[in-house]
């Protein structure tokens, strides 16, 4: 794309990579947490629920700061993980972590709503046919909530594509490594006359996210039709 | 005395501590009420461009003031360079001081594979000045791939404070109150373009705005700024 | 294997409190709408945890509040046919049918899928999803799904209610076969007296959550005190051998030397069949009648007369073919002077022995 | 008012193509599972837009593809009782029942709610929500909801399938009353031959989306060519006056000078009732039988003999009480030498006239 | 609350006011748009869907900038509305507008999922009982999606409480008028020694948002139970 400079191009590719992995890795956790919140009654439930929503409520900068304190090289979790070779600080993986955490509440909510819409009577039917709980989940619940998972995943992806505050605070902006599209947009907006360049990048991210949304509509509708049984 | 007026000031966020105190003093002394909206200079400048009801603008850099001047949104006669600042190299609590900040300084060795935290080097003033200083000493080319850029200088400070980055370049005023970092070197004034915080009144403002602008240049106000680590322009 | 059930459970509006032993075969839960039938079945399935009780199949205890035992539903090896189908909407009919098989233990007895599919007439639906099925089609698939799960215990909650008579007549023998061949206990809820009479080994009559009567089918059903529609279902079951098929469309059966005519049935000569003769279809005469359109007249001896509060009486008559029940009015009984030990004739219309009352196989008793 | 239906619609597996006029009263759609009954009802309701066709109640055209007319469902003034209930889960039973009334036009004829509630036996459920109801309870509420919507056209898709016999017997008269008193056309889907025989003014027999037979109930049902379970439902309807209640629990009816005994019915002496006598319950004799337990013997003349492909024949006999149908074997018919114009006796067991076959009111014809 | 300074206190009150109105005013639109997206097929549907999601995808600063360009006193819509006396720029109403727009996609998604979970067969039943479409919606669909609307509303409220980037860009950070909690947090974080004050405000906003979430769980569960019919 001659339209984008090499640095912008690499920011786009990085944003895609970050958002993709943020979504893919956090989705299973999202499904698990959504299921726990939807179907189980346990003492820590309100706390878990609150925790999940925290990134939504907090200004992103605060989330980024908390991430830095926790997952930074000196942070309690970060230093532990560093011993097994997992480093987030200043890596694209950190950007993915930040994006994933910011997108998490959105995914969980979408998936949770779709789980709550599954008639427990069908799950009971699965149990009477000999399927243990986890397999009932895999064979009945999961396929039925697929549209919700797809919707939640794409929503998370879109959110991850737009995430900025937490990412830059946590992993800063290193061209080629952690400089995502929104960071680039932000940088352009800081200097007088940077608007056209920013606009160009904004259009790129809109196109990408809209593409994802359209895709999710199509895939989601097909999945829903499958579930509705037509 | 003229009736009490309300003055709305748009100011760079880094001025908050000092300006809050000065505005309170001015309010007590004059009877006018000063309200300050703190945000990034670029945001404020755009808002003023698009008709924000501000009366005074305190910018963290010259470019945005120039833009407003060109647009005719400020009264050029009132524009002053209100404050200055200096650039420092910071490190963790155990970092050794730099003996001579100059071309011979082996910044890469001091980073030891870690990152140098700075504000965005092409967009945010502190980053722009820092990059200029490093270029001045011929260090930029070597270090540029090790720089971690943040959206504002406070975030760069936080990277060093949290230990994520061993070194960072920030304003002296920022480094002052953070216990987890220490200044290990100072960039001489000549190594980068002068760091200036210009101030000006927006066109068609109330007289009280000019009064406050004058008050900002008075001794009482200047003392507060100095106390917060700012310098006076031209120093 | 027999099923033993003992349950008590408080519902907002009702106190459920039943205990019964279901001998091998089909135990029918019978009772008015809202009397607690589905609740009992759910408790046996483990979908409802009753306040107290014990359920066991043979020695295998499914739950027992006293001993704190509780098997989750998936370990109870059930074949539960739900009142509302509950097909998996995201799976095709084929996959719905296969579902139970995915979890059945290795080596479990498996029904032949193709046979079940053919019996239920759902072969042409295999690749559809449930949303596109009609009400009866759904229920047939649900039956198939339960049967193919290699169950140790079959629970059927009004499985045939949504089906047409012809289809019912096709599927009933299958339940009979299950009852007769497999030693799996079957707990069966129905409102249909014909189904009760045809299938039930024993009957539990429920009222407001209590078992008001419980015992062998014929006994419970011939009890006029069992309110809901029971009386119409009283009938006797005879074993007979197919003797010949006649050109005029009739089949001649032979039982203990007596001959019975009924509309053509598909069994081959020499095969043994089980026929139910509803008590209300039988007319008694005190001398051999002639000039009647009824072809079947069996001679016998009155074994007993049992009358309830209503105008009717159930007369049991021992014939060479077996015991036959007749439901007549007390007035007729008196008019004919019936009493125990008396000789009499039972008149049965040929066409009154309908296909749905003919079982293909015989209980091995 | 009569309902006229003409529909053609392609389904993936089937071509629906029917046209019939339903005279005032109950038109029963009869046919195997999957034959298209629900599809037709949905098209009449406006829930399915068929490829082509026309539906009208009297002059009131609900839709007509040729003239491009299409009334949306809510303007069709329906009372649709769905096969699966479809109660509103967020409303109490009371609110579910009231729902239709909220939208009924002012001045529309309204059923008395309390009467409907009592008839359906749902008074104690009024404050519950549907999730806590049993299967039969749900269906009863669904019936009530439809009836209370002041409908101009009632659609009932197997409304009684989930109910027990006793409840069916209680609710059937209500449909009869609707049929007889209100001029609302009723399109009724059922698998139950008893319901067909009892309710149907006319019957549409469906097979694979086509109407294979269509006409007055007795005619269609006595046609042995109408495959599914039709024959067992053949029967004649007599009008009779309650003569006396006897101490032994029997009620004596009088019809055209003939007297009939049956188990006690609740009607007062002097009232007129309508009874159905199933053809298969009738035995014919060529001379007056005696020594039989059957109390009802009516003398008459053979009007006609009609035999199909099977072994049976339907004999119509004109008695003083009215025409009676008897289903006997062709063999018996020959043995008795029956032919048109011959005198004969129809023997009917007292207990064979079951409560569900007794209608409380009479068609005004 | 002696714990909070007067300015902080006023930021809290303003945040509550802004979030409340942002939620209340946008909720009906949210329900409408969600219904349209869930149940209608119309040509502009993908575009509407994309538009709704835009605020989620764009970096908030960009959204704020676009709002400023559009609804500012000189913007095309802003100048028009100013003629009828409606001003958003640099007023708390503008903060509410920004918060509402940022929260909108979340609300719409939550509500849309719950609409899609309503069995159209029940709506058909309503129609056969004589209810025209809008009344079917009011008497059947709406009560059944109430849990989704509550969930969506509270989610929107929480999001609005945390909204920062778009707000500060659109209506600046004027104490008592447009300074919401997150803006105040931002300002504190920009100066040396501001962290304790920022932390205090973060805790306040967490408490408020968690309270809202807990409330939504309780209310939502009650509504769901009502709908499920227990």
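Labels for the chains are A, B, C, D and E, by order of writing; each one numbers its residues from 1.
The rule is short, and it goes like this: contacts are C-beta pairs under 8 Å (C-beta built on N, C-alpha and C of every residue); 3 or more make two chains touch, one makes a residue touch a chain.
All values derive from a computational prediction rather than experimental measurement.
Asker: Strictly by the touch rule at the top, which chains does chain A share as contacts with chain D?
Answerer: The common neighbours are C, E.
Asker: Distance-wise, how many Å sit between the C-alpha centres of chain B and chain D, to the nearest whole number?
Answerer: 90
Asker: Using mean C-alpha positions as chain centres, tell me how far chain A is from chain B in Å, no decimals.
Answerer: 35
Asker: Distance between chain C and chain E based on Cα centroids, please, to the nearest Å.
Answerer: 60
Asker: Quick one: chain A and chain C, Cα centre-to-centre, how many Å?
Answerer: 56
Asker: Using the touch definition from the top, which residues of chain D touch two or more other chains?
Answerer: 84, 132
Asker: Which residue numbers or ranges of chain E touch two or more of the other chains?
Answerer: Chain E, residues with two or more chain partners: 61, 65, 186, 189.
Asker: Going by the touch rule set out above, which residues of chain B reach two or more other chains?
Answerer: There are none in chain B.
Asker: Which chain pairs here would you call touching?
Answerer: Touch list across chains, by label: A-B, A-C, A-E, B-E, C-D, D-E.
Asker: Quick one: in the complex, what on chain D touches chain E?
Answerer: Per the touch definition, chain D meets chain E at residues 45-47, 72-80, 82, 84, 86, 88-91, 99-100, 102-104, 129-132, 145-146, 149, 155.
Asker: List the residues on chain E that touch chain D in their complex, please.
Answerer: 121-122, 124-133, 135-136, 139-140, 143-144, 226-230
Asker: Quick one: in the complex, what on chain A touches chain B?
Answerer: By the definition above, chain A touches chain B via 61, 64-65, 68-69, 72-75, 89-90, 164-165, 168-169, 171-174, 178, 183, 186-192, 194.
Asker: If you look only at chain B, which of its residues touch chain E in the complex?
Answerer: For chain B paired with chain E, touching residues are 8, 10, 13-17, 35-39, 43-44, 46-47, 50-54, 152, 154, 173-178, 228-229.
Asker: Per the contact definition, I'd like the list of chain D residues that touch chain C in the complex.
Answerer: 12-13, 31-34, 37-38, 83-84, 124, 132-137, 140, 157-158, 161-167, 169, 191-193, 227-229, 232, 246, 248-250, 261, 263-264, 280-281, 283-287, 289, 291-295, 309-312, 326-333, 335-336, 347, 349-352, 354
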